[in-house]
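Take a look at these structures.
Consider the two complexes below, in which chain A is the common component and chain B and chain C are the respective partners.
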Partner chain A sequence: MNQHLQTLKDLIQQSNAFSEEEKVLLLKAVKNAENDLMISEFKLERTEKVKRTTAILLEETIDELEQKRKTIEVANEALSKSLKELKATQAQLIQSEKMASLGELTAGIAHEIQNPLNFVNNFSEISIELLEEMMEELNNGDSEEVHAIANDVIQNLEKINHHGKRADGIVKGMLLHSRSSSGVKEASEINVLVDEYLRLAYHGLRAKDKAFNASMETHFDTSVDKVNIVPQDIGRVILNLITNAFYAVSEKKKTETDKFQPTVWIETKNKEKAVEISVRDNGNGMPKHVVEKIFQPFFTTKPTGQGTGLGLSLSYDIVKAHGGELKVETEEGKGTEFIILLPLTN
Partner chain B sequence: MKILVVDDEKDVKDLFLQRFRKEIRKGEVEFMFAFSGEEALQTLDNIQQEAVLILSDINMPGMSGLELLEKIKKDYLKPPPVVMMITAYGDEENYNTAKRLGADDFLTKPVDFKLLKDKLLNS
Partner chain C sequence: MRSKSIHGASVSEIKANLENSTADGFEPTAAIVFISIEQDRKAVCNLLKDRNISVFGATSCGEFIDGKQTKGETAILLLELRQKHFSILLEALGEGTLEQGASRLANRVKKEFSNPSIILCPTGIDKNGAFFNGDELVTHLEKKLGPDKLFFGGMAGDDWKLNGTYVFTEKEETDRGIVALVLNGDAIEIKGMAITGWKPMGISRTVTKSKGNLLHEIDGIPAVEMYLKYLGRTDLEDKIGYDVLKELSFEYPFIVERENNETILKSPMKINQDENALFMDIEMPVGTKFWFTKPPELDIVEEVLDKVNLLKGNPDEQADALLVFSCAGRQPVLGPLVNEENDGLAKVWKTPMAGFFTYGEIGRSYNGKQNFHSGACCWVAIKERI
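Moving on to the complex of A and B:
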């Protein structure tokens, strides 16, 4: 029993100041007090225990949280590393897509360079012969013939120069295409750019599939102004659309009768505040579920290994970056038309 | 002898005229030019009755040289023209197709004009 209560109890029992009844009452009160005190002590002890347990739990929780924080930190680091890797991979993919389209072009480029080189060789050989003849005529004193030959030689040298420049332009175009985009916009002749890439795409496809042949119909609007663009980027878009169009008609040709005439139309139009480049084919067209996905990266309808699925997605990004629009209209069985709209001020 | 040269490269005309200038002057050969398969067929229609030797490129936009060859061999029987095919890609496939379609001879680019002259003047 509590010491102070014991003292009270002893005093009450020994005291003569209280009647027996009063003593009973007082001793009962002391006992009750003792009980209440014990309960309070028990409760207090229990609370202390809970407090200790809680403190332990809290400590454990803090540890756990700390561990979690560390895990998240590690995860975060891994994520930002992955992001960096992804970005690098994306850049590589873009480059390999570019190189793949260049690979498709190689045969076309070879053909395009071979022709002017043949002219350079032929016209220079002829010019040597002509000059030898000229010397003979000089000895003969036939000045009229000498003049005629000299004129022919001048004409030939002009042709040699023209075809040399043509080959030069093709090589420059190829280098321009393979280099990482400079990202620098320059005033560019749209009709010249379209024509250049059209030839490359056509010969590239012809070299890959010799049985293939398609009509090309071009309508170049001569009133089209120069447009401020990154030429190798827009060149890639044009090349991609034309290659796709040729692919579409060649696919249709495989299943069609002899009557089918595969044709690709390329048109430029002056739209006053914008320039429109349209690439249309009379291939198989696309069903709705395909059209919806064509601008998504890695989407392709070509057999595995034949397409990266990045061509149209990159084209879309390039046109957007020029403040332009890349639109598509297609009808199953009839054909497809892609339209690039480039604003004059972007 | 009349020779029809079919090629989409316009400068081929000047090239042939200069390469064969002596033969032309002597009247041994006469050249005509067409810059597409379609144009070649038109030219052939205009000179129906004359014998002609056709020298055609294979890789041309629109009607290819092989298609032109097929049409000529099918539609122009009298007199049957001699057709020589020229291509930048001297491969088996084009060679075999041309032979199958009835090409009389086959040349690869760059054209060896000495060889061509021998062939033309002896044909």
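Moving on to the complex of A and C:
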């Protein structure tokens, strides 16, 4: 017992000044005081002890976290470096995807250029002949005939100029496709764009594989307005979807009977606030586990070396960047339809 | 139902106090006996048996009744339970598994009453020094009895000797088994709660290497090194002779995450120098998330008593008897506050109380599921339905 309380207790017990009842009461109070004192002392001692240990524990934890922070900082730097390298590699891959699609275009472009070139060649040959004739008529002094021939030559030269410009346009378009997107949007005729890329894709595939043959059915809604888009970007999307569709039907053709008619349908629709471009095929369709991944970068079902797995991923990003949607509907064994929705208010 | 608590430092004292308590016509039918390993439990049992009092007993690590707390003595709660509403079962595990024993006990319990409630005491440590897996027992019992059945209790102690604990009835005893007081839940209501008061401190930790009860690594750092360093014992030279339990882990156990936002305390019992690992009282498998802890605040007594009101139907509700299973680790940490806690519970329920300091507690935290606990104050109020 506390020394002072013990003194108090002894005094109470020895004192004659209190009745027995009062002594019991007082001794109980002393006992309670002793108990309270003991608890207070315990609390004080424990508070000090816990405070000390808690401080050590927290200091050690802070040291540990500081070390972890430093480690994370180093790891972060390494990660930033890796990320930079990854981005550079991805940029290279994206460029190679562009070049791959350019490759797909080359045959189509060659076919397209061949026509104006034929015109240029033919009309220049005819013009030479006409000029030779004109020289003869000049010698003959038949000014009326000279005049008529000169008019024909002028018409020929106009045609040569027209077809020369057409070839120039095709070449410029090709260059645009191979360059990085300027990102500049311009009002574009969707039907013309789709038609142009459909022909390019088809002829491209025909040039690569003479045996390739597929029906193309187009339905262009003439009420479709001009849409503000980056034409080379959307063109790339259309080309990608059409090329995929042709690939799908040609793959199915390999395993089907002669009765199977590979067909790709291309349709545009005016949807009031948007333009819809649909590319549908009657290929093999896709299973669910493939559909879930087709927009993921680097995912491809094509054999190694035949696809980068970036086509649909880039297409998705391009359509999204136009505020639009790229949707897919597919049924195994029946075919696939990709739908591009481009908002008019874009 | 009437009840009385008695206490004694010897068989003769128990005999005298038993006679005193029955002098007014009180006729107990059941005795809940918490007795030091040093006492003659056989003699105490015979004393009770001679009076046709059924015994539910467990050895203790300190024992108490309302107003008196001791170590090395005997505390008894005498109950005037109607014979048809209770049964005392002892399930010795023998050479069998804990699952088999728990299953046998559950089947016996179900045969006794259609709606049973149970007070139970498993042994804490057997004669070979093997710890009883309280967590596993609760899991098996809950599975067999159903999640709605209530069971509260504590694991027997042996005054920190750690060389054998016992549970017993007036007929038999075991150092590896369970004693159960099975109550007819339709006639006798039990209410209880388990509270620890320890709070997580610092950042969450993960066990990265462990095997059985040995905890090797925490967050990739040797567990022994981290535990001693973080609790300020880097100066320790004699790790073999260091009593990690008494010196540190009573106050600073780990708090481990488990289902339903509940937690459990797990304590390092000793340092295994050969394996450079902490020997834990309960296994901590790899991947376990846990925290270092802060001991209960000094208002823990108020917290424990306040929470009683959450279970009381009304503030004046009383119980017929109260049992308290308080973790043996609370005593060194909470000092005199433990007496306040135990006596406070008896006062709040206005009823006789007996309890003991345990090697593990079984019960439910407020709104929690049936669980095994460590470091907890687990109380259970018993009341005959009218």
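Details
In this section, the second predicted complex is superposed on the first by the 237 of 346 C-alpha atoms of A that agree within 3 Å, B and C clash if a C-alpha of one lies under 4 Å from a C-alpha of the other, contacts with A are read in each partner's own complex, and residues count from 1 in each chain.
Just so it is clear, a residue touches a chain if its C-beta (ideal position, glycine included) is under 8 Å from a C-beta of that chain, and two chains touch if they have at least 3 such contacts.
What you see is a predicted model; the values in this text were computed from it and never measured.
Looking at the shared chain after the overlay, A:1 reaches neither chain B nor chain C.
By the touch criterion defined above, A:156 lies against chain B but remains apart from chain C after alignment on the C-alpha atoms of chain A.
Between chain B and chain C, the partner in contact with more residues of chain A is B. Of the two partner chains, chain C is the only one that A:53 touches; chain B does not reach it.
Look at A:91: by the touch rule set out above, it reaches neither chain B nor chain C. The contact sets of chain A with chain B and with chain C never meet.
For chain C in complex with chain A, the residues that touch the partner chain are 201-203, 229-232, 251-252, 292, 294-295, 298, 335-337, 340. On the chain A side of its complex with chain C, the touching residues are 35, 38-39, 42-43, 46-47, 50, 52-54, 56-58, 60-61, 65. Chain contact summary for the complex, chain B toward chain A: residues 9, 11, 14-15, 18-19, 59, 61-64, 67, 88-89, 91, 93-94, 97, 109-111, 113.
Remark: chain A residues 111, 114-115, 117-119, 121-123, 126, 130, 152, 155-156, 159, 163, 202-203, 206-207, 210-211, 213, 215-216 touch chain B in the complex.
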